[in-house]
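Per-chain numbering from 1; labels A, B, C and D assigned in written order.
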Amino acid sequence: ARPRELGIKIGVLPTGLLNAITDVPGVQVGHFTIHNGTDDHTGATAILPISGNIFQDKLPAAIFVGNGYGKLAGYTQVEELGSLETPILLTNTLSVSKGMDALVDYTFGFAENKDVMSVNGVVGETNDGGLNDIRKRLLTAENMKQAIANAKAGKVAEGNVGAGAGTVCLGFKGGIGTSSRILPKTLGGYTVGVLVQSNFGGVLQVAGVPVGEELGVHKFKKLLKDYGEDGSCMMVVITDAPLTAKNLKRLAARAMLGLARTGGIASNGSGDYVISVSTATSVRMNDANNEMLRESKELKSGNLDVIFEAVIEATEEAIINSLFAAETVTGYKGYKVEALPVAETLQILKKYGRLN
Amino acid sequence: ARPRELGIKIGVLPTGLLNAITDVPGVQVGHFTIHNGTDDHTGATAILPISGNIFQDKLPAAIFVGNGYGKLAGYTQVEELGSLETPILLTNTLSVSKGMDALVDYTFGFAENKDVMSVNGVVGETNDGGLNDIRKRLLTAENMKQAIANAKAGKVAEGNVGAGAGTVCLGFKGGIGTSSRILPKTLGGYTVGVLVQSNFGGVLQVAGVPVGEELGVHKFKKLLKDYGEDGSCMMVVITDAPLTAKNLKRLAARAMLGLARTGGIASNGSGDYVISVSTATSVRMNDANNEMLRESKELKSGNLDVIFEAVIEATEEAIINSLFAAETVTGYKGYKVEALPVAETLQILKKYGRLN
Amino acid sequence: ARPRELGIKIGVLPTGLLNAITDVPGVQVGHFTIHNGTDDHTGATAILPISGNIFQDKLPAAIFVGNGYGKLAGYTQVEELGSLETPILLTNTLSVSKGMDALVDYTFGFAENKDVMSVNGVVGETNDGGLNDIRKRLLTAENMKQAIANAKAGKVAEGNVGAGAGTVCLGFKGGIGTSSRILPKTLGGYTVGVLVQSNFGGVLQVAGVPVGEELGVHKFKKLLKDYGEDGSCMMVVITDAPLTAKNLKRLAARAMLGLARTGGIASNGSGDYVISVSTATSVRMNDANNEMLRESKELKSGNLDVIFEAVIEATEEAIINSLFAAETVTGYKGYKVEALPVAETLQILKKYGRLN
Amino acid sequence: ARPRELGIKIGVLPTGLLNAITDVPGVQVGHFTIHNGTDDHTGATAILPISGNIFQDKLPAAIFVGNGYGKLAGYTQVEELGSLETPILLTNTLSVSKGMDALVDYTFGFAENKDVMSVNGVVGETNDGGLNDIRKRLLTAENMKQAIANAKAGKVAEGNVGAGAGTVCLGFKGGIGTSSRILPKTLGGYTVGVLVQSNFGGVLQVAGVPVGEELGVHKFKKLLKDYGEDGSCMMVVITDAPLTAKNLKRLAARAMLGLARTGGIASNGSGDYVISVSTATSVRMNDANNEMLRESKELKSGNLDVIFEAVIEATEEAIINSLFAAETVTGYKGYKVEALPVAETLQILKKYGRLN
């Protein structure tokens, strides 16, 4: 069961129906997963903010770099133009190039893109090289396209799936997690959805409870020089609130605050990136027509606070969800990463007054 | 009593002797405070990373902007050159100019600066205009210089002092707070100190416990459009670890993660800035000598994680300290801001298993 | 006479009627100038993008930092919010604080701003400490307000006026300069205006002609270690093209390309800042009304190239204009800076086929 | 012949022996070129700042984004860590992924990298889709590795080679170009080398002479809405001056000033990136040893001006060199791009007093 079903409450805002990024109307998610013997635990996750030809109907977008020790593709163009022109792919560190190829193929697949000669694919990654024999570079562009083809609305599989197949988070098996928040009608009624690929280190907190310390599993338990480099976190934030790049960048920055609340520290070796996108039609950046001017209608900045809160809460919960969903994996060279012990964690949460 | 003396433990690393920014050898802090009738509640706080003529012995430094709705002076030069050449002053929004004047006077006060024609004063601010009649612009450059003159090593006054005289944080009276962490000898044994001027909004958490919700005092309690703009947080991070600007910027970014753990959201109206400085002699940027090259010895990036953790923990604790130290104030136009009810808060912490 | 009147043509686009920033409808410029004996050569220049209460009718704006060794006030808030809420003041390095005070006074002077408690004054500066006894800090907030009060439409005084009274540029007396470009009707017909305070070093080129080398006056003439630190350049770009902050930042970056064409190098000691603003009503950021959403109409990015060209050309010409207008000054401690020898320069331009 | 051999002098500093990036000791350049019938005109260029295993001997590096409409790989990690761990590859827009794969292969090819699981390949690109049937995606990772294998010291082929096979610049056939500058011994005697892949638009100037206007070939000749999107410029700056990332970023920014002097405007559709690297041994970032601290010796910022000048001059000349070397190509769908008419250009330069 997901944490919220178990009675764990994170934050003060209500979730959407599925408590998933797919609560944002139109968003689709697809996974391609490899679990093959002990050596191969990897995959890809595709997030389609809208269906149809996004290249011809670009969405306002921004990317915030929490810590840039990573290989995400697409950053500088999103930063310059403030728009997203492909689905988002998440995968492992050495497969970003295959994701880029897949997104070019995908874009060229639309008849009306027949003259397109430039595609800025956005591909995020974390390093699953602990559990997965990453140097093998198993994933193909076809696999990536399969992830896109698998994308659908509705419930999102979490844990050891897609790009989360081989990740490790806060000392336990990490993976894909998702969550959402709904704003009150008086504040616009918008939905904010988050999906994460969790693969980072720190001292686990669940709803503010020091679970990592209680379980004796955390990065600084041994204050020795060899505490090791750890991974990264990819966070995707999508909302139907009408926002353009400048404010989407500010939303993206807040996802790091959600990560912080799970005990994350954005460690030196981490590639922590947040991609944020608005799906609202009133801010689309369709340049197809011949007009010099574009009209748009966007939320004034004075209304952002509750959206910031929503991003923070949904990011925190998405990470916790990834940990509750992930299962123990024995991987490459016999390296074994345990799942978060859920029963024990619930006991700790009870001890700390967070569960009845 | 300070939270830690009351048994509240934040984080996993040990504090310094004073649990204050002054645990970093050589650091001095001074306040100038005005509490005058109901109308005037403001002041200035000076932080001297080293004693002596800092202009001739520049320190590596960086400033991270968590949210830039603020008037901090000195940002672009610190960003370009990576050095600090004056003490740091904190004050109210409309008194930054007076702080700049004071830092020029201070710099000109050293005989060996007699040919100096350019001074990049770093002055941070938050807006105390709720409790303080800020439009009066009461503070003078002389007052600022008094704050500098008052600077000393040792215990640091917290709460309604200096630049914290009139601030409001997470629904309660905020103010100045400070904390520190000591790294284990195996990891360098360095000290990390943080001082904050807390004036921001969100949903208060104390050591992960939802105190704001329990007390029914938080930003999103009423999900109405008029939840109001709230203030800012100035954070100063000083360490004797030998770091240059590039890594100091990364330290500064982590302070925002500490703020997040208190329930802060870096709201739209917030000016959240982190100034980070290294006092290590092996990285000083003294250009007085005639050499073309500068030798330095700095910590490799692979050793930063425990420092990141230290910054996050000390920032979280400094903010909580500011709330525990601050006292109820009735201010301008009779506006009253209550102190955090400490007894009640301790009860809540007990209920949540965080205190015996 | 101004260079263009002398037959010097810079760029391929036509200028506005006055070849000045005031060709942009509504823009006003005012100077306050001190030339007092040998010691005092300084002042302030005010640029009002629109008349009336700009605080209640904020304009999209951006600031690009070409080289950040400077003390400009207002950067981080413009960067965060993308808006300008005060006139722009230019002055000397140590008088920025007085400019900030003046802009607060100015803002408080409007009855409808009676509840305003926070003002982000934008004040740029260069260091006139060669010719001016800058440590005296002669300029007052009243002087700054006088510059604002002096602001008017129409012809703009250039050279040794206002903030340009004591500046030095490319080895000659610098100062205030301005220029403009008009876009063809087919490309929108917009006006782009630039005003500069020139105080920087390099190897002077006039319309591509190596005047600095020919005159034997340039930064690298003696390739010795003591070529000295030189100053800065403040550039203000205003247009009536409807642009928001993201694209205004890109415009601002192009002004540096104009500076490059005069022989500027953005030297280490330079504070080179570009402030760019749109005055178009369709992008104003008036938050006074109660709507959650803001409608706007802005130029699509695909139409920017000719505006980039306009910014580059007008910046180049504004700098050259400042040099042609400035006159020889003997200043502090008898330091004398010669004006560009115009007759000789025209001869050189003839030799290089740029003049008949 | 190269422009300088023809008597065209750009800037005031002397060039290195080869007037090429390979004047910096240790630098090697290799091309892989395809010219196949009319359809295929593309390739890759590899720049190796040092020979040997750069992954184990990382170099300080920075990337400046002049205009970010591009797909360069590797940006965020270089920005975060300030180091380069692979050779640099330049290629076409849709082949960046192949370059990334090649750089992983290359890195894995060193025995001592057998445990490496993460490689931040730096791959720049411009779009040769006018002359080249880019959608075919002809280039393979093997081709890229061939470019690396071809790398050698000494003379560098310019024009229609490697990544410059199909590029277009300022209305003429562009391509690869390179240049260098030597600092006087009194200023350190360092070498600064630049290599460009020129593919951008504007109004061509050669040594300040308005050649584009004279030839009637430039972007704004017809001030019509359909002036079209144009390409990009990749610039690689390498020096043996001991500099770390912070100052290398400042060097990189200056390359844009060199581009400006050729008439470039960093147009909306341009991906203009500058990669700058120091090869000095005193600043290498080798983390292999077990020390917590790293000693380094770097040039003080006060000595940068002449290096800035060198970067600007060498970038300008490298672009001009690319134009002089490139030859007319008839490409995809019969699209023909003329080489710069050298004889005519020399006549124009004579007319403008720049040639005897």
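Here is the rule we use: contacts are C-beta pairs under 8 Å (C-beta built on N, C-alpha and C of every residue); 3 or more make two chains touch, one makes a residue touch a chain.
No experiment lies behind these values; they were computed from the predicted model shown.
In terms of C-beta pairs in contact, C-D outnumbers the other of C-D and A-C. If you average the CA atoms of chain A and of chain D, the two centres end up 35 Å from each other.
Note: centroid distance chain C to chain D, computed from Cα atoms, is 32 Å. Per-chain Cα centroids separate chain A from chain C by 44 Å. Along chain B, residues 67, 80-81, 225, 250, 292, 301-303 each make contact with two or more other chains. If you draw each protein chain as a dot and join the dots that touch, every dot ends up joined to every other dot.
Chain contact summary for the complex, chain B toward chain D: residues 80-82, 188, 242, 244-246, 250, 282, 287, 291-303.
Looking at the complex, you find that chain C touches chain B at residues 65, 67-77, 79-81, 93-94, 96-98, 100-101, 104, 108, 116-120, 127, 129, 134-135, 137, 225, 271, 273, 292.
The part of chain A that touches chain B in the complex is made up of residues 11-13, 66-67, 184, 186-187, 201-203, 205, 207-210, 213, 218-220, 223-225, 227, 229, 250, 253-254, 256-261, 264-269, 301-306, 308-309, 312, 351-354.
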